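Data first, discussion second: the structure below is written as structure tokens.
In order of appearance the chains are A, B, C and D, and numbering begins at 1 in each one.
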């Protein structure tokens, strides 16, 4: 069309081993391996498959919530209300089950509650775009938990575990592998493929990088945000079902701190809270790093507070990684 | 010329339209409602004294958070810093290293300052996003609090009488803790309005890119701001332990959320560059009134949390709607 | 780059070495008992742990202590799983929920681990080491309210959080007692409030009770954390005549207990004994000394306990009646726990 | 000849992977205005930042009044009497004008900021510049031209002996530019030496006595403005000759494609009506504040329409968001490329395919191979100067960024293309290429709306010209009848009317 200079542009990416090694995920894989070696060498009980899967099951409810949280962070948003949402959804499951004696109704109500809570967040944030997601979800978190407290008062609700198959959702296994682990893996694959291989995923990246440019490229920014917040709500409800299967009894203080835990997992996985950056693989590895590190340190009976310090230090050390890497790169470039 | 006249005239109306004014209005309405519902018990000398004493530390924390939010940062570790510094001061006092109340306060502030400095360095030099840096440090500070205290408490009888009495004492009829709030408030006004460093903080939040080429050392601003915020959290730690005459590992966990809510209600923007100490003071008082009065007006204990969340949400939404209305009015007034 | 990786690995290794050095080796043929608390920062719990530990030493077994950060039942499930994975022989747990641990504890028992509960009971436990019967505790609380009000007047209850199982059951029992006996007809229970075991909230709630009910005579706090904040607030309020009743640790409450102070007397049982008793009970269970209801075992100081039917645990023993602390004995007990 | 007040020799600046400056030199004499020219990406902005101490040069030396100096940061440069006005206005929107003027050197006594003295001094400086706003105004409420004036006041407040202006006229209208010339000449007469960076030849002719040219991080030469021809200068800048600047092809104009009637947006514009036909290029022009951009943003659905109707090929359409507009075949190339047009951190390939990702979906997923090949083709079609489609958009110069935006639009099936200031911040070489592409598009049957503030561009490219003034359409001119004077008259219609009204009023009194 225009006066051609005859310049050609390469469309195949050069892949160098060095670039691969300098990726965030490589660091995570290294840490993951290190954590496992460490755990296995310091505790003879670590590599017992049955117990290992028991412990994995223990953090998978949080892990499930970390999946849509990755989307939320990718969009440059944040959701501090997931803990409250899980709590309220689980409460509704228990209450409806006890009122109707029908577990299916309970599950349906639980999922509906999760969706409603997520949609509420989404609605407020997309109708009032000038509001910071942090403050809105902070308030709705208090609201959701508060509603659960209103419903339950000083009591609790439960009895779902008496249904054998329901209890098996959490406790059931194929060989040593829990059903829930399989469910989680399927979810992780789906979430990962959507994030990296589909139009929707690419659009989320675009929104996280630059909302205005995304809108000008014809992406329905607010629709996608609304959908992702609602999806997060749905996954909260979904996770709440497994959570109920695990606990069998719900009080208004369950699932406390799930929000920051899920965010920590994503952040360690390289999904920046500033939006638009990170890969799903990173988040998945990070879920297992945090979970297994906790388990390993628990097996050698470190106190909870020491484990907390180790995890905080790990998080800080890893997020400092890019700065250190650039520092080294620059020094080399100057030479 | 026309422009100038317009501006002069609108000074007064601008005052009425400011966020502070609308917040004040909401506060007055809220107080009136509570006064009515509590059969006149709310606006009594005693309740106001209790309010100022019990929420003094939250207000002080909010001023520190104001600085951080002004430069476009955030600090969700202040609850943990409060605990660590308050615990350190109390432990040293218990073991007899500190002779008087002043030294306990000094130690707590120093510990807080140190914590803040670490965060500042990570954010400024390590180029880590503030929310992530403080999320990680929060785990560390809280963990350290348990570790140094061996998960034990420091109890009332292990504390100096002068330390405990300070929090209960008053001067000119105003509780000592609230005096601290007043002093920090005035110091903030002077600092932010009348010192060149204070103005640099506003500049840094208003346009961080511009700051880099205007001769202001952005990293230095960040480090100092986080350090001041840490020191203030340390001060709040001492206030907390002297007020409640006990130091516990889990104290003030989740305080950061109330503090951020207070700032946002007070008109501080999470994007930086906007917010005033007066707004923050009003925001902190609003949050205190909500927390304090819900049970006072006889609202069922199980409703309180849900209501608190609802009210915070409502306050934020109303603020946006008022702001939108103002903008629309301004646009409609424009001549085309 | 290689250097960086090497450095990181080295740091990780160093971390783990340090970590390893602190940790007691969990097993290798040794017999290990574990105790799991409600949360890490509760002095009452740490007294219980110390009793358990001492008893373990006396019995010649190893002891692991673990606590979640907050009173969350999730973390307790994780902890129990970690303990089971280490092949501990027995777990004593102060449950954060009356039902939610059932499946986890059952799984532990299926693996041959002895499970007892102490302080707070839960489904799935073999034996509940009951510090004092629920009715017994409720009775002494009601009686102290009755005594402090002089038989009639207004009183309020300041509890921990609405999710605290123990507190809830005591409060429920208090209600039954008051409603069931004409003796208490003139006591007026004005409100139950929750201080969430936080200093600020407890102080607020106490102050609000004073404002709302000018004729309030007694505040009853069945929580060791709440009673402290409550007593402190009442003492700091000039001209306040309210008395504080409840359950409190002598060491924390030393300043406030006495005839002329805000809390004339209060109750508690010895948490050290509770912990110690749990260890002996485990020992007896593993030895097969106890089984059926009615069998007996001896614990520290030759004290003999009889196994009774439990609910929701299979069985229970009751350590002893609540003990009253007053101005005369508080100073002595403050040094003990 | 005077000794240079500022002299730089052999300056080299390296960024990771790129040599931004390679052995460049420059000298500035007292009381002269020295133009610095070069294509985007030639290294001018980096050069300024090296002088100001924002960046540290790897090699070379800088002499101030014959003495070697080395600034570690901007403050040191300012203390030495050098001030810079940057390309993108670097103001603080939430602060007052006075404070913006004094940022970095607030008037402080005993550690206390002297607000009163500052406002007085600021007002004095603004008066000197004949500004029409006062120092209490909030910076965020000012127009770009007014903000520029604040930047100049800032330089004056520093008592600078050397002022560097980086593309100060880029965002200004002709009238505003002339005001700037007046100020610059006044400063020169007062003995201030000025380094003036610009793309516009008219700036250079109006002001400078000498001109230095950079190209691709190298120093090319320094010339007397009177002694060099236009063509030679362009050759020096782009390294080749550009013959025809406005290659407007003759296209037969077809049926009406887009028509808007009585568009209104409260507070911005009112009663805007016009139409554009197949194969036609309609120029939309006016002074800053005419709200041309707001009109097209509204048509595109990026902003909310208060009232009015939009017809596409004769049928009324409702456009609520950009994706509606794009589905209907309306494309917008926004003025603010860096914020609205591109995702700077992404490769150019992904940028190009973003709008039409669905085209590359095979099955459930995006076929990346197909995506890469298509985006490569599109990028080559507009002759983007890049090594690979994985180059980050931020690494390209302004002109090449604009080409990527064009390539992005080419990937979609649009009928109407709206180009908002398509050559703003684009260097001469790329400009010609963009005009050429525009011509080709018109030939292919696109209906084109082009917003521009540059008179030659408007006159050279448009078939029809619509002029706006303060939110209203004030006139429409055909290609034949349009002249610079007529356009200006329409663009200032409301100003003139206001002035006359004032005259009448004073007459009555």
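Everything below uses one rule, namely that contacts are C-beta pairs under 8 Å (C-beta built on N, C-alpha and C of every residue); 3 or more make two chains touch, one makes a residue touch a chain.
Fair warning: this is a prediction, and the values are worked out from it, not measured in the lab.
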Using the touch definition from the top, list the chains contacting both chain B and chain C.
-> A
Remotest chain, chain C as reference, centres from CA atoms | D
When the contacting C-beta pairs are counted for A-D and for A-C, which pair yields the higher total?
-> A-C
For the pair chain B and chain D, the C-alpha centroid-to-centroid distance in angstrom is 42
Could you tell me the distance, in whole angstrom, between the mean C-alpha positions of chain A and chain C?
-> 34
Go ahead and note the Å separation of the Cα centroids belonging to chain C and chain D.
-> 71
Name the residues of chain B that each touch 2 or more other chains.
-> 146, 151, 249, 302
Residues of chain C touching 2+ other chains?
-> 40, 67, 69-70, 162
Listing for chain A: what residues touch at least two other chains?
-> 149, 152-154, 303-306, 308
Which of the chains touch, listed as pairs?
-> A-B, A-C, A-D, B-C, B-D
Can you list the residues on chain B that touch chain D in the complex?
-> 1, 3-4, 7, 193-196, 198-200, 202-203, 205-207, 209-210, 212-217, 273-274, 328, 330-332, 334, 336
Chain A to chain B touching residues, read off their complex | 78, 124, 128, 130-132, 134-136, 138-147, 149-150, 152-154, 260, 263-264, 267, 272-274, 303-309, 311-313, 315-316, 319-320, 322-323
Mind listing the chain C positions that touch chain B in their complex?
-> 39-41, 43, 46, 67, 69-70, 162, 192-194, 198-200, 203-205, 207-208, 211-212, 228-229, 232, 236, 251-252, 254-256, 334
Contacts from chain C onto chain A in the complex sit at residues 1, 4-5, 8-9, 11-13, 15-16, 19-20, 22-24, 26-28, 40, 64, 66-75, 77-79, 81-82, 84-87, 97-100, 102-103, 107, 159, 161-163, 168, 171
The answer for chain D against chain B in the complex is residues 49, 52, 54, 73-75, 78, 84, 86, 88, 90-95, 99, 103-106, 108, 111-113, 115, 132-134, 136-137, 266-270, 470-472
